[in-house]
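The following pair of complexes shares a single chain, chain A, combined with chain B in the former and chain C in the latter.
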Partner chain A sequence: MREEFYKTLSSPIWWGALVIAAIMPFVLSSYYVHILTLALVYVALASSWNIVGGMAGQISLAHSLFIGIGSMFSAALLLKLGINMWFGLVISALISGILGAVIAWIDFRFQLGHLSFVLITLAFAEMGSIVVEGWDFLGGASGLLLPKDTGNFLAFQFGGGHGAFWMMLGLAAICVLVNVAILNSPLGYYLRTIRDNEKAAQAIGVNILRYKITAMVISAMLASVVGTAYVRYLTFADPYLLISPVITIEIVLFATVGGLGRAYGPALGALLLVPLGEILRGKLGSTLPGLHYFIYGIVVISVILVTPRGLLPLFERLWARWRGPAVAGKP
Partner chain B sequence: MTELYQALAQGLLIGATYGLLALGMGLVYGVSGVVNFSHGDFISLGMFMCLALYSAFAMDPYVSIIITVPLMTAIGALVYIFLIRPMVGHQFLMVVQLTLGLSLVLQNGILMVFGGEPARTPSFVESKLIILGDVVLRVPHIVAFVVSFALAIGLYIMLRSTDFGRSIRAVHQNAHAAALMGINVGRVQVLTFALGIGILALAAALLLPGTPIQPTQGLRYTVITLLVVVLGGMTNFVGIMLGGLIIGIAEAFGTIYLDGPIGLLLPYIIFVAIMLFLPKGLTWSSAR
Partner chain C sequence: MTMTRRTFGLGASAVLAGPIAAPFIRGAGAAEPAIRIGMVNSMSGGLAAYAQEGQPAFEYIIKKINAEGGIKSKGGAKIELVLADDTSQPARTAAEARRLITEEKVQLLTGTILSAQMLALTPVVDEAKIPTLSVWAGGSQSNYMFTLGYPYDRGYAQTMHDFVISLRDDFKFPIKTAVMAYSNYEAGQQSNKFLVEKLKASGIQIIGEAALDIRAQDQTAAMVRIRSLKPDVVVGLVTPRDGILLHQARYNLNYHGSIFCGGTGGYSDLSLWKDLGPEIGKAVLTRNLFGMTGFSAGAKIESMQKIVTELHDVAKLEKIGQGAVQYAQAARVLQQVLENAKSLQSDALLEALKNVNIPAGDPNLYIAKPKGLQFAEDRLLKDGSAMFIQWTPEQAQQVVFPKEFAQVPPRPKS
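Let's turn to the complex of A and B:
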């Protein structure tokens, strides 16, 4: 089972891709580095969401809470209480993990169906955004402005630009690796059994509560950590961006477009859509605000109608056809 | 005491319209099992159509429904036929994601056309007030209450005693058996979805006078509608109207009695509590 994971870890393609990505800042202009950094943020977020939403099949719309805790709360700790952001990152991740466990427990205890789970998590997300917008400690509706990034690593600063890119690259790689690891571990099999048939999973003795909580806690903590890094990169903690349910919807859509429940699917979706959206916004944002979301929506609808399982399976099919039947004989 | 009456009256008035918003969603869910996460954005669409008609022809929102209702009904039918019908029978969750995508398209389509500034659509009743003892009521709210209840009763009678209504109920109870009885299930599903969206055009006109509108408001309307539908037990007609009133009153109490964010949270807290402890919603009287 673990073999697949170690194979990935020692795969030259993986490391090659990572190295090529890492030298990008020296090749591209700072505008494109910024776009790639944003894409990596969403790769990390969509991959962390995938553990719950894709593998366990539970469309959680509560992830804006974890991102929001990771960003707004750690920013507030730094600005209001002077707590180092590294500690803020840990504290936020712990709180997110606990909250995730509570949500998973509620889901299990009250036997929520798929629909009820979507609704309850959406209600939690709305509550979160209302609380943040109304609570001055977290910056209220006007948000929080972090001190300038001077590159002091001990204060969770990466020197903006290139440093933030490498930080995000590392985080995104970790999130994708966690996906690979879980998919190839017993946990991944349990989660997929729960997704496909919860009653049957329970009948053959899968401890549903335990695995749902495990998945949710891992996913929530990753999302929270990414949130902290994201807000450090943005410098401005904007509640309308970071704790709005819209950010979760974006993530869900990226994951769906790429391929739900696949290790590389959400990453693919984010890598395709974020640069597309950002470039559109850069070119037309002043004349047509909202165009990039509009395009996201159109892409999502088309992908769902054409290939409901996402683009990754579609690409794989095309690849197999292009390579011809010669591959079919290989093990 | 005055505050109490004021909160109750305000909550009841606005709650009736919430109930109407939710009836459309409940009907659609009952007939095709689809939960439309772009519901609130269709409300937005209806409101902005009224705004466009006002800016172009100085048309009062109450008058512009003669244009918006047929238009939105047609849009609803097209959306169902081209987007949602291909997904029915697929995984339920794919429809959720599809309508989330649709919500982005609608919200930002509106943003691109109308811009992001909050806008108002004046109406001849906008600033009129009725004072009953100590309670001040806004006329648009009263109009919304009366029309919402009239429409709800009309829908109820339609479901009870017309052929179309009976076929809706038949498909809801057992689509397979309904098909065997010669009911065109596909047609009923399209018409119900169209009807659900058409109702939204009306509700939009009712909510509009005096309310500033923004393209980004759709999601919040979706959430409110979902709260009401789930409270009402998804397809229970009476339950949904009751759910609307409860959410309306909770909202009014929250904003009048509780300061700041907790007040706004009250409807959600009530929702989560009911969801957890009465998972079937308010369906004690199963009058369907």
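Let's turn to the complex of A and C:
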């Protein structure tokens, strides 16, 4: 694990990509910086979901709950109790981790099948949504408006546009690195074994409960942290966005289109589809309402039909084909 | 011919490329000095009904202004609309506004902008210092945001309160107790909070709540609760969808023990008859029910009746309800702002927005405002009041409140 992880950490391509990304706010208008920031939010979220959904093969729809806790709860702690958002971030992440562990335990204890697991996690997400919309402390259906972001780092403020972009870039990078680390560690192997054949994994002595809980806790805590950062960027904690199952479906879509279970797949999916969706809406939204959804749908269906395992494996195949003749010494 | 993944991919790419290229192709060579107004509407998604009805009316008024010589104080400059769709999602309202400001260089913003969208938009308009006129928000958190929407307090809550008290005091309806039945979403919760306080202060006893789950497929449980409490009046802000389900449940339970008063769409929208059907509509809408609305074709307001006729006969719009009239009003407000602003700079436009004044009786005042249209210090309408109507078996509305616009007195309880 360590060798592969450190190889990534010392890769000039990795650092080059980060540096190029980091200078984008100086090159692009605030609209395109916003699109990139949004893409990075989804890179982070899709990567955190990938630990459970991609590597362990557990299609969790509960992630909106973790994002909602990270966003709505930390915002409420700040606005209603005056608790600094850094502490709010930690408290929310801990609560999300505990809830994630409970869900994983329920899955193990009751030997839920794939469909049952999906439904249970959806039920948790719906319960969270109902609680938020009905509880004044969390803003109810009206949501919560955070104070203006003046750039006070100690108060979890990053100065708006550019600062928020760099913060999300860092967070997205951490989430992808966590994926790289897990994928090449014993935990990653155990998770993939569980995904491919849970009974066989159990038979060879893999501690199913332990690794399922570990994966879910890491995933839930990361999603919660991203939720806190996202709401700070948005300023407005909107329950219909942040704790809606729709956000989970978007995450699953990006991860699937990019390449499920791969360290960089979900990031690739989000980096392609989020800007595509935003730009399509910007260009076509006023032409014919809903047309952008239609075209977006065609793109997603096309990708899934052309490369069912995601775009990353396709790009890898193309890369190998392109490099192949050179390796073989062709002129 | 066999379709392979490759040919499918090529075909899909072609389908994608055409519409993306189209706006650029159309935009080529279409440059002309104009005042650019960005309009972020919810043309798709759950709130699309507002803008789909309103945008054509808004565009009609803008075209009319341009045809009549544009903005005269600015040398006859024409207004150019730059449209965007936020798909009814507040985060996207902010994103589209950012695009219109930075990419399209608009000088003013307007659009559906309901309250949640207003909150999401606040940091963007604050950062860009762009004067913005919301058609429907119930509040404002930015110095640059003004709204034509009904304030929760002195709009929705005050009007519903005043009507209930008028029923009790002026028309001698026996009203001592109330159940709050409201759609459990942002505007419903907010207006309910103020309404409860006002009703209690006026001596009405609140004996229960029936918050309507906006995702429910049936409101029988809420109606059973109302029936069990048997209040004198049931009051609250209800969406059209919840209203339909509530009235259906009332019909099924054959409950007529209370007076139902509420706003706006769930009690007053013309589509209620279509969705409920004439039999249910006649049984529940015309009996012991009054609806709050900002627009009614029968109201004794000459300018409102004129704009309805014009939108129907000249603009050839089919659906003319509150949405259309509200958007038409927004266009007239922006016209006055542009005419009165000393320049097209942000500060001058903001100053002109603060000083908007369309007095009662003005031909450009389309909505029912006995005291005219001005903005208060909080950037909401000074006069946030609305009307109450009752339905007739012919599916028409009769204004019953306030007395300035009333056609008939409220129908007695039966």
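Just so it is clear, the second predicted complex is superposed on the first by the 306 of 331 C-alpha atoms of A that agree within 3 Å, B and C clash if a C-alpha of one lies under 4 Å from a C-alpha of the other, contacts with A are read in each partner's own complex, and residues count from 1 in each chain.
The rule is short, and it goes like this: contacts are C-beta pairs under 8 Å (C-beta built on N, C-alpha and C of every residue); 3 or more make two chains touch, one makes a residue touch a chain.
Keep in mind that this is a model prediction, so the values were computed, not measured.
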Chain B versus chain C as contact partner of A:Val118, first or second or both or neither: first
Contacts of A:Leu241 with chain B and chain C, given as first, second, both or neither: second
Contacts of A:Pro289 with chain B and chain C, given as first, second, both or neither: both
Which superposed partner A:Gly297 touches (first chain B, second chain C, both, neither): first
Touching partner for A:Ala141 - first (chain B), second (chain C), both, neither: second
Which superposed partner A:Ser10 touches (first chain B, second chain C, both, neither): neither
Touching partner for A:Glu133 - first (chain B), second (chain C), both, neither: both
First (chain B), second (chain C), both or neither touched by A:Thr150: neither
Doubly contacted residues of chain A, that is, touched by chain B and again by chain C: 133-134, 289-291, 293, 298-299, 301, 305
In the complex with chain A, residue positions of chain C that touch it: 5-6, 8-9, 12-13, 15-16, 19-20, 22-23, 43-44, 48, 52, 82-87, 89-92, 94-96, 98-99, 101-103, 115-116, 119-120, 122-123, 126-127, 141, 184-186, 188-190, 211
Chain C-facing residues of chain A, complex: 29-31, 34-35, 38, 133-134, 140-143, 145, 148-149, 160-161, 234-236, 238, 240-241, 278, 280-287, 289-293, 295, 298-299, 301-302, 305-307
Chain A contact footprint on chain B (complex, rising order): 35, 83, 86-87, 90-94, 96-98, 100-109, 111-112, 115-116, 215, 219-220, 223, 226-227, 230, 260-261, 264-265, 268-269, 271-272, 275-276, 279
Residues of chain A touching chain B in the complex: 57, 59, 106, 110-112, 114-116, 118-120, 122-124, 126-127, 130-131, 133-135, 245-246, 249, 252-253, 256, 288-291, 293-294, 296-301, 304-305, 308
